[in-house]
Amino acid sequence: MIIVLKPDAPQEFIDKLTVSIKSKGLQIDISKGARKTVLGLVGDTSVIDRDQIQGSDYVDKVIRVEEPYKRVSRAFHPEDTVVSVNGIPIGGKKLAVIAGPCSIETPDQIEGVARDVKAAGATMLRGGAFKPRTSPYSFQGLRDQGLDMLCEAGKKAHLPVVTEIMSADKIDLFLHDHVDIIQIGARNMQNFDLLKAVGKTRKPILLKRGLCATIEEWLMSAEYIMAGGNHNVILCERGIRTFENYTRNTLDLSAILAVKHKSHLPVVVDPSHATGKRWMVEALSKAAIAAGADGVMVEVHNDPEHAWCDGAQSITPKMFAGLMDSLRQIAPVVGREL
Amino acid sequence: MIIVLKPDAPQEFIDKLTVSIKSKGLQIDISKGARKTVLGLVGDTSVIDRDQIQGSDYVDKVIRVEEPYKRVSRAFHPEDTVVSVNGIPIGGKKLAVIAGPCSIETPDQIEGVARDVKAAGATMLRGGAFKPRTSPYSFQGLRDQGLDMLCEAGKKAHLPVVTEIMSADKIDLFLHDHVDIIQIGARNMQNFDLLKAVGKTRKPILLKRGLCATIEEWLMSAEYIMAGGNHNVILCERGIRTFENYTRNTLDLSAILAVKHKSHLPVVVDPSHATGKRWMVEALSKAAIAAGADGVMVEVHNDPEHAWCDGAQSITPKMFAGLMDSLRQIAPVVGREL
Amino acid sequence: MIIVLKPDAPQEFIDKLTVSIKSKGLQIDISKGARKTVLGLVGDTSVIDRDQIQGSDYVDKVIRVEEPYKRVSRAFHPEDTVVSVNGIPIGGKKLAVIAGPCSIETPDQIEGVARDVKAAGATMLRGGAFKPRTSPYSFQGLRDQGLDMLCEAGKKAHLPVVTEIMSADKIDLFLHDHVDIIQIGARNMQNFDLLKAVGKTRKPILLKRGLCATIEEWLMSAEYIMAGGNHNVILCERGIRTFENYTRNTLDLSAILAVKHKSHLPVVVDPSHATGKRWMVEALSKAAIAAGADGVMVEVHNDPEHAWCDGAQSITPKMFAGLMDSLRQIAPVVGREL
Amino acid sequence: MIIVLKPDAPQEFIDKLTVSIKSKGLQIDISKGARKTVLGLVGDTSVIDRDQIQGSDYVDKVIRVEEPYKRVSRAFHPEDTVVSVNGIPIGGKKLAVIAGPCSIETPDQIEGVARDVKAAGATMLRGGAFKPRTSPYSFQGLRDQGLDMLCEAGKKAHLPVVTEIMSADKIDLFLHDHVDIIQIGARNMQNFDLLKAVGKTRKPILLKRGLCATIEEWLMSAEYIMAGGNHNVILCERGIRTFENYTRNTLDLSAILAVKHKSHLPVVVDPSHATGKRWMVEALSKAAIAAGADGVMVEVHNDPEHAWCDGAQSITPKMFAGLMDSLRQIAPVVGREL
């Protein structure tokens, strides 16, 4: 940690600060410039409260040199993490392809989609039972009933299932119903109480990046889950909010590289939510794999024009089969298999 | 609602769509341009699922003409809403000034700050017991114990208290402890389950704008609360995330005008979180009142350099007294009083 | 064009507006809703001044149905445009790979890089002679002298050259020196006088996307050039400014799809400026090609650690050769060749 | 300047870097942490090329401690600068109010507006002769002819005139026609050749903030002008581009405080372009003055509904007179006069 002092910081203040920091077991290297004095803190700076130091009128800025996360960091866990989902790996050589409808609508619908995506080569089934909707008047998901349908469809198609949780009081239901991956949605990425709650389970957690979350904030949210003891975290890039609104969000593929550089956790990409446009899904899925993602998650609906939500971004099972063919060609080029 | 069709939309599709829309009791005006056909829907379009129509490959875009909210809208409630907090109004002629520390630390601290801000003219006391922190290793607030200290301090100083809730399972505690205004923080603005839960109470709710929430999304979150029957909603602008990072966030004062134009709800401004800089708080508080805000919420700490969090943006009780003097001068210029 | 009127628009105003629009040869379809009236304009709306109508207090919003550009639009030119650069195509089946240093430094440096990238398979040479630098105290490029060095190096290596123009008064020099592609940089994307000036030449123009330009604004800038009669426009996505600053900018690969959907112009991607990080260049080049780009433009320097500018994002000739190998593998998967 | 090295930086590299830096007359303080080594550079770091050092694979980050600008900095010029425009000050106790139409249309129009705003108390007249328009098909301004009309109107009304320049080749005309303040528009804020050109004159320059310019970039553009010897720079905040599009841009009033903290230059605010909404102009003008701006620049048109551009954001002379009344009330509250 580096503390840059303002030109007018009196010696008395510097002395007091130095004593206080040293009392916490750290060393300080002082570098006096023409106008500003710089303190370099050596040792375990996690005992230092950055906010408190930043609060002083004599402090210009406090710069962290070490990352604020630990369990998430590649420095502390150099090898790639592979999360096992009922024996199916996410991370590593084999790509994960998670497919399914935005919303679970009927047993027939979800079981039909499950069969189709399984046949085309999907490795997992997604489907929303609890839906975060901007409007209180929009369809909110079939909830508990939808969860049952999804788990049943997964069982029949021999596909692990992924679905979103919106509230900690549903964790028992998710565990009881044998949800294989619990998804934390973009809007709940900093719902810290929910992160703590799923951190106490040992279920794989798919953590979507928040709409305006920095890479660091996203990793800190993963740290919340891991701090609870649950190391089965899968990151999911799904686009960030920018000034451009031709696409629903702006897919940030450099984020794949950033998180793989800083962290050992696997990362998948959701081009459906990122773009909101069905015709962009295939090309951006290929791009995601080319950039190094560990998999993709795409919305597939048997009848997108009558989907109960997000129809505009859902592809048909036929389009999905075409997408799988493309991915099978691109995978070996980047040292992956499907 | 307006539906713009793509140039290649076949007549058969247009006919089917028309029949389907008319079957829901709406009228359609068709306008055929050189390349694109436009359908104007007349009637109660809330029965139409925009997503579903958008999902068709023949549809170019769907444009809403009416606002997606009702209870929040000024169209349905032309007069300004004044929320009564234990008899003290927010909205209307009298300005609200909510002051207090980021975190409640000790009974002495919160009671001392309460006395000081009351003496200077604050109308309400704020203080955090449950703290949403980016890092799991940062101080998370004194929680239940902190809540007790805050309510006790409010009672002693005769100030209503405002504090943040992070999880629906604490609502009973908040009600039992006589919290006067329940705050929904920026990071939970789209925690829809929490919004529904506070919507079932009749407590005043202070709804902060999310870091990257549009005006419309913010109002839709207010609509969630009001849809539950709780009409006591106070909006709070606290800065949005932009590319500029000299300030912690970018305070958007035009948002005051926007929400007052579209909605009847009162709106206060939090310059402390918006800027993260103590020396900006007074000038931007004045600007907020000049722009038409119904009040401000500012962080005040008796010893900011030793605050347990957010010290850099907290002002001292003495600075707060100076701020109150400024606001007392500016209030009458914009037809308000303090 | 659709005009949505406010609920309080008087009939008199509607009548006057209708007469005024009809006098310009358009038809109007009127659709009266419960609260708002919607006018659908049919005909050549380019004669209508949107700003003027928007200026009325009775007008809620004016929505364009047709695109604001013509020559750029795929609707008016359905086939992909292939720009010929001294016989070498940009657009079409063959991928373009433009490589070279940020700044031209010495004849040895630029000729050395030219030889190396040519040997590895680059199709064009880039190099900056006139450098847009944030600081007036930073190296501003070798200017006229640099331009000579670049053109000489291109000639020797049999590579067409691409370089940036910053001011219209240099156009004669660029033409005289046989620059093959004139680049308009991100910061000048809306320097309309410069766009008009290069629009009068018939040289290929590489138009970079502005740091905060929407897809539509970018295409409108291309329209400026084409309106002057110069149809040889190549678009270049180079990252947009967002809240995320781990990377220098955020590369927006969905923009490739968007411009190819709306326009017939070729588009290349510059991952070097987008990320500012050398180790991200290869993976994102692959992703760009996978997403459908017509080529990439990358910074290559023989000695990046001593580059006069942008060293952090330049790759070595050896890394470039590796990148070419990767692209050669990925090209056929997406129906391209290299 | 602080250089943070990566954990794997070999001693040999550190030694070489140290020697190279010391050879430029600087001292180095080395602070070795558990994983990372930090170098603190003491002395005139302007001789160090940050880019070059950042280019090394062993360097984690380079952090500037001193600001990158000099002439612009308050550190080098502690007192507020007051720019004199034909004897009328911008900066200091007296507020500047610049008013006039977006575009000059006819002599009658500009002279009429000039008379009206002069009567209401405006201190300067604005009007566009050269208009930067997104579309090549939109009205581009009356150009040279419009400039004559503006200057004539200013002379008759005894008001200094402000107008935008788009290309360096017009500087002679601007000087010859006695334009009093040359405006650099937002889209040209980083047109460095134009900045250098106006830096060679001694005319007051109104430098608008770019749509996505950081505070630092904006000040660096001012430094470009001042580096040429022209110290008469006035900054103008006019809103930045964000995800929110209810307003045309997002007015950033904290920028006033930021530039006044870092720089000695005066700053005015343009709420018309920031919001694009006439009904927001008065409230945000008051807010700007309350926040500490040295003045405002507003669009006034005698007949906004028929304005040739930007009608939606222009206020009438009558509304302008009301705005002046408001500002006269608010000015003394913040120690200003009008």
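To keep things simple, chains are lettered A, B, C and D as they appear, and every chain counts its residues starting from 1.
Just so it is clear, a residue touches a chain if its C-beta (ideal position, glycine included) is under 8 Å from a C-beta of that chain, and two chains touch if they have at least 3 such contacts.
Worth saying up front: this structure is predicted, and the values here are computed from it rather than measured.
**Q** Look at the interfaces A-D and B-D and say which one is made up of more C-beta pairs in contact.
**A** Of A-D and B-D, it is B-D that has more C-beta pairs in contact.
**Q** Going by residue numbers, if over half of the contact pairs line up, that's a repeat, so tell me which of C-D, A-C or B-C repeats A-B.
**A** Selected from C-D, A-C or B-C as the counterpart of A-B: C-D.
**Q** I'd like the Å distance between the centres of subunit A and subunit D, where a centre is the mean of that chain's Cα atoms.
**A** The computed centroid separation for subunit A versus subunit D comes out at 39 Å.
**Q** CA centre of subunit B versus CA centre of subunit D: separation in Å?
**A** Centre separation, subunit B to subunit D: 31 Å.
**Q** Using the touch rule from the top of the page, what residues of subunit D touch 2 or more other chains?
**A** In subunit D, 212, 241-243, 245 touch at least two other chains.
**Q** Which category does the touching pattern between chains fall into here: line, ring, star, complete, or other?
**A** Per interface graph, the chains form a complete graph.
**Q** In their shared complex, at which residues does subunit B touch subunit D?
**A** 212, 214-216, 240, 242-247, 250-258, 261, 274-275, 279-280, 283-284, 286-292, 326, 329-330, 333-334
**Q** Give the list of subunit B residues in touch with subunit A in this complex.
**A** Going through subunit B, the ones touching subunit A are 46, 49, 51-52, 54-57, 68-69, 132-137, 139, 166-169, 187-188, 190-194, 196, 211-212, 217, 220, 223-224, 227, 241, 278, 304-312, 314.
**Q** Applying the document's contact rule, which stretches of subunit A touch subunit D when the two form their complex?
**A** Subunit A residues touching subunit D: 2, 4, 7, 29-36, 38, 40, 42-44, 60, 63, 65-66, 75, 212, 241-243, 245.
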